[in-house]
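In the two complexes below, chain A is the common chain; its partner is chain B in one and chain C in the other.
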Partner chain A sequence: MSQDKLTPYILLLPIVAHIVVFWLYPFALNVYISFLYWTGLEPLYKAKFVYLENYRSLLLEDERFWTALRNMAYYALGVPVIIGLGLGLALLLNQRVRGITFFRMSTFAPYITAGVALALIWQAGLYHPFYGLFNEVLRRLGLPPQPWLRSPSQALPAILIHIVWKHLGYIALLFLAGLQQIPQDYYDAASVDGASAWDKFRYVTLPLLRPVILLVLILVTIGALQIFTEPYVMTMGGPADSTLTLVLYMYFMAFMYMNMGKAAAMVNILFAIIFALTILEIKVLRRSGAYWG
Partner chain B sequence: MSKLALLLLILVIIAGGFGAYYYYYYVYLPSTIITLKVLAWGGVEMSETLKEIISGFEQEHPNIKVEIVLVPAEQREVMILSMAQSGTLPDVLHFMPYALAEYVEAGILDEPPDYVIKDIKANYPEGAIEAVSYKGKIWGYPTEFDPVCLWYNKKLFEEAGLTRPPETWEEVIKYAKNLTKYDASGNIVQEGFALFASENIAYDFLIFLQIFYSAGGKFLSDDFTRLLINSSEGVYALSLIHDMISKHRVTDVKWGATEAFRLEKAAMTLQELPWRNDLEPAMGENFTHLATYLPPKVGGKRVTIAHIYLMGVASTSEHKKEAWELVHWLNTPRREGEASPLAQYFFKIGIMPSRFSDLRANPDYINNPLHRPFFESLNFTKPIVPSLRGFAEIAGILFTMMGNVEYGKAPPKAALDEAVAKASAVLSKYYGSVALGDESSRAFKLVADWEDYVVRHGVAMKEALKMELLTMTSLLFLLHRSTL
Partner chain C sequence: MRGFKLLVYALLAIVALAYWFPYAWMVLSSFKTTEEILTLPIRILPRSLYVYNYVFLVTEFPFLNAYINSLVIASLTTILVIFTSTLAGYVLAKLEFKGRDVLFMLVLAMQMIPFFVTIIPNYKLIASLGLLNTYWAVIIPSMVSPFGIFLMRQFMLTIPDDLLDAARVDGCTELEVLFRVVFPLCKPAWIVLGVTTFIASWNDFLWPLLVLRKKEMYTVPLLLNLLGVAAGDPRYYGVLMAGNTLGTIPTLIIGALAFRRIVEGMRFTGLKM
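== the complex of A and B ==
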């Protein structure tokens, strides 16, 4: 091969090496570990090869795994909520009024604040059954205080509310960028035709915003399936596993129960779920004509 | 590539190799100061106190420097796991031995020398020695000793007309009914007995174990293949807790026992002595309203369980002899009648040591009315569970069982049966006829050898890698220039 043809490949080497070392190799190793019984303490070559035992015990015997999957589906209910609220907020922020930059930054602030700090503040300062702000407001309104994170039925919705609040600004920002791409001419033409505000939103804004909506859908869905920080900080998956997520259970399995093989199997199952969902959403994108590829 | 560039490249590679060789053999190896690393947890203040105590060892051994590797307490075992994999385990390990069996089977602990074993056998209670033993061998010094005893609020007892703490679990229920208060809607506003479900379900499991062992329960079958907690004693113990919540309504699982005690909204619970560090700062003067007593009996028998920590040496330590000297120094008195240095550290942070001479050396600490029951319970304390493989995963199953019962998702007997079945499935990997062997996968032996080589020659490798990185960058630059 001549020098000219070789150079591009050599210059690509660093990024290829990065992908191989930091993605492909760990992925392949994870797949291998999922067929082992390994505590993580001894060298890998001493681990016992157990074929599909980890997958079998997860899928057929481990109720906590299915509880975590069910909880994951529940967390995913927050997806349409955050998309709807994010779009509404973006419409509000898409105005030329004095101080709009301040409002835009304020809504984005929770997203850029450390997740652990925010989770602790909500756990100890807002959701606390005795000292929390929410219960104080309820008491002043004459309503009974709520257990929030202390109740199996309320803990997951409580965490979901926090997560929606935290990410709302970021989602609104993505929608805002999409809204600002829509040419004003379309709205002017609609006004000339006598369209109401709702008509403009339904027939101009929504169709032109579809690519952004579907992109946000993919991002938020993937995020919902990988929630870890909030249940870890606020409830450790409790009470009674009501807020346990798959990623949190993976962490427990790997680092607290020292069963790396089963944790690796969970990683692969989650990867398969996210991969399948992403493929599905891309197909929908293509069908709707909104895909940019 | 031009000949000049090629020559430069070769020179850079040779210089890099010589540099790494020189650094390793002429700078790194000749250092005669031995540095020992000690795993410790807690805040910076605790670490400073420990460092001050260890400075005494450094003065007696001028060629040894001791570094504290500080980790968060709740991340301690996770950090040990990570450090074991990365080959960065400290020389001295101090941990809760619920994973002792895994650590021994993985070979990360060094066997103590004879003088250490002799010292431990002569100076520690049987329960403490059992906690740090596996397969008939002792693996380190028992250190912190945290039995579970009854805590109660004297002021609330006086208000209810109760003049003494309860002796039996039947009395606990009777007292709790008397002490519990409700509002107009029937919600509990003062708990007769507090549980820890909303804080840390593990503490409620300790309460279950205390009742279970006092009732005469046996945790594990002799062949280690089956948990026996679904026996009549286990059903009794778990039903007692379940009934406190649903039948007698003397506790509300939505409250955490710590905050309920701080607010003086709870009359009794079972906890360890270090719990005072969570209560005293928040309660201030009201802390004097609290008292402790021996844990309640079941049918005339009283047993309690204790967290007992282990201090040992990592098998990967390059200075095992010196590390054991440090461990021995920390755990033995310097002078007759004095507490050991580690015990002096424990007394400063409100923890009880397990060595007999340490306890005798500080009669004021032992005779403090708040501490006395914990000292007396040495006579009937057992470790939480015997050391067994897979216990970390089994603990997760048992905590889930507690949560399901306390939050009304399963009745006690069904929850126990399910937990026993799942735990037995875990145990069957290690014990019994289909247990895992110690087989090897040869394919990874080469990788393991390479990893071992890298760890042992880490410093030289780091330097060599730096040189290689510089070399690669130079090569790419030269290639790019030559193609212009």
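== the complex of A and C ==
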């Protein structure tokens, strides 16, 4: 009998050990590293304890850190765009017409394609100033070709468009799953009451979709703040840091400038931002629910 | 009503075009010679089925090697994730013991920790274990998936306890209950978890970039990144597109085959949280 009582613990032990070693311990260790001056080359115990120096220099002296933060705020502009477009696309993909599965799969394709491959297709195939498709189209229309990723003012919006394109289909599928859970009876009842298509969307669809909207909002915000692959592959954060993100800067700081402490501090600041935004979104959307029904 | 349907199809056609033209451009470019690529105005279709980009890809770059590396890493990761998730999911859903809820909360909390938070300490840990430039450097940190445990637990909850008790009454041991009753029912959940894990592992970039530094250990995305740098020289532009084409095919095929199940899985986990 006592052996039976132990069984669950024995079965879970390797998994809990993994969680502790590869998630909880690193999470805590990262906080400790952020108080150190550590190149990562010498053993950890030899690193100098510098208290809050890494945070101070980041927040008060590091212009690139603030540039990265500003860029992240710009990337965050994509959040409402992707939610609005995603909802619209979901309504379109919810139409019961022949072949709809093909169209649903089409928008899903980039989500399951390697981000590196897509970023390279867009960088070399579409955005390239000389042999890219976009400038070829512009030339044929008699319009001036654009520098796209090579211009400090165009690179960030260009990457943002690419990222919205890549993730939109997945977001639409999440909304679609939510739409399909709304019982048809509700729409029928609304029709009987003489509701227009807009009324149905406003007073049936939107309120019932609220949990999904909240979920998507949180997912997209967390994702937007962790962008790395696209600027790394397409621009290396340039030109002139115009596409630098916090995770990319953290990567440079830790693995090129060998300043682990400062990189760890950056990680913690980013985590705090994500945590605060997630809580804020939950609070705001729950409260606005009172008006939605 | 017919007008409405036409409008729907027109919009769907625009959407399909917006989603497929980069892929089409990739495939078309992979069959073009360097002269064709450098000639303005660009011709949309290649003049002939020029296959040397694919030949160069395999002869001048360790592309086949990267393909094998990716296959091994993604397959092993998938098998391990299915194993650990099923085990943990079963224990958390079907066995009664003290601290079960605390452990489940731990799994949920772990889902809240973004991956980048653990990068620096985990990199140092893997390096100090001497695992850099090995398959294990990529596989070990991702062999337990909080999403997978969550998915399998939710799925196990849908299996009635009576079914398991009936098997026990019939004289099955706990292991037999697992193998004869639980596992056969798990197939749909395993497909969802397996496909999503394989695709995520195949496409992963940042972590392999850190721990796989030797070219012969590169996965497909790392090799594509290398090709992207090489394609600054237009002679390698077609080779890059050939690499992108071959590198994106596996996940697209798997994703298409399992599409319905993936969508069901999204409904199952994403919306019931």
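As a convention for this text, the second predicted complex is superposed on the first by the 269 of 293 C-alpha atoms of A that agree within 3 Å, B and C clash if a C-alpha of one lies under 4 Å from a C-alpha of the other, contacts with A are read in each partner's own complex, and residues count from 1 in each chain.
Just so we're on the same page, a residue touches a chain if its C-beta (ideal position, glycine included) is under 8 Å from a C-beta of that chain, and two chains touch if they have at least 3 such contacts.
Computed from a prediction, not measured in an experiment: that's the story for all the values here.
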| item | value |
| --- | --- |
| Chain B versus chain C as contact partner of A:I112, first or second or both or neither | second |
| Contacts of A:F228 with chain B and chain C, given as first, second, both or neither | second |
| Partner chain in contact with A:F255 - chain B first, chain C second, else both or neither | both |
| Chain B or chain C, by number of chain A residues touched | C |
| Partner chain(s) touched by A:A124 [first = chain B, second = chain C, both, neither] | second |
| Partner chain(s) touched by A:R64 [first = chain B, second = chain C, both, neither] | first |
| First (chain B), second (chain C), both or neither touched by A:L11 | both |
| Chain B versus chain C as contact partner of A:P144, first or second or both or neither | first |
| Touching partner for A:D185 - first (chain B), second (chain C), both, neither | neither |
| Touching partner for A:Y45 - first (chain B), second (chain C), both, neither | first |
| Chain A residues contacted in one complex by chain B, in the other by chain C | 7, 11, 14, 40, 44, 130, 255 |
| Residues on chain A engaged by chain C in the complex (per definition of touch) | 5, 7-9, 11-12, 14-16, 18-19, 21-27, 29-30, 33, 40, 44, 89, 92, 95, 97, 100-110, 112-126, 130-131, 133, 136, 139-140, 165, 169, 173-174, 176-178, 180-181, 211-212, 215, 222, 226, 228-229, 232-233, 247, 250-251, 254-255, 260, 263-264, 267-268, 270-271, 274 |
| Partner chain A, residues of chain C touching it in the complex | 5, 8-9, 11-12, 15-16, 18-23, 25-26, 29, 37-38, 40-42, 84, 87-88, 91-92, 95, 97, 100, 103, 106-107, 110, 113-125, 140-141, 143-144, 149, 174, 199, 202-203, 205-206, 210, 220-222, 224-225, 227-228, 231, 234, 237, 240-241, 244, 247-248, 251-252, 254-256, 259-260, 263, 266-267, 270-271, 273 |
| Residues on chain A engaged by chain B in the complex (per definition of touch) | 3-4, 7, 10-11, 14, 37, 39-49, 57, 61, 64, 129-130, 144, 147, 149-152, 238-241, 252-253, 255-259 |
| Partner chain A, residues of chain B touching it in the complex | 77-78, 81-82, 84-85, 99, 102-103, 105-108, 185, 187, 197-198, 201, 253-256, 259, 263, 392-393, 395-396, 400, 403-404, 406-407, 409, 422, 425, 429, 436-445, 447-448, 451, 476, 479-480, 482-483 |
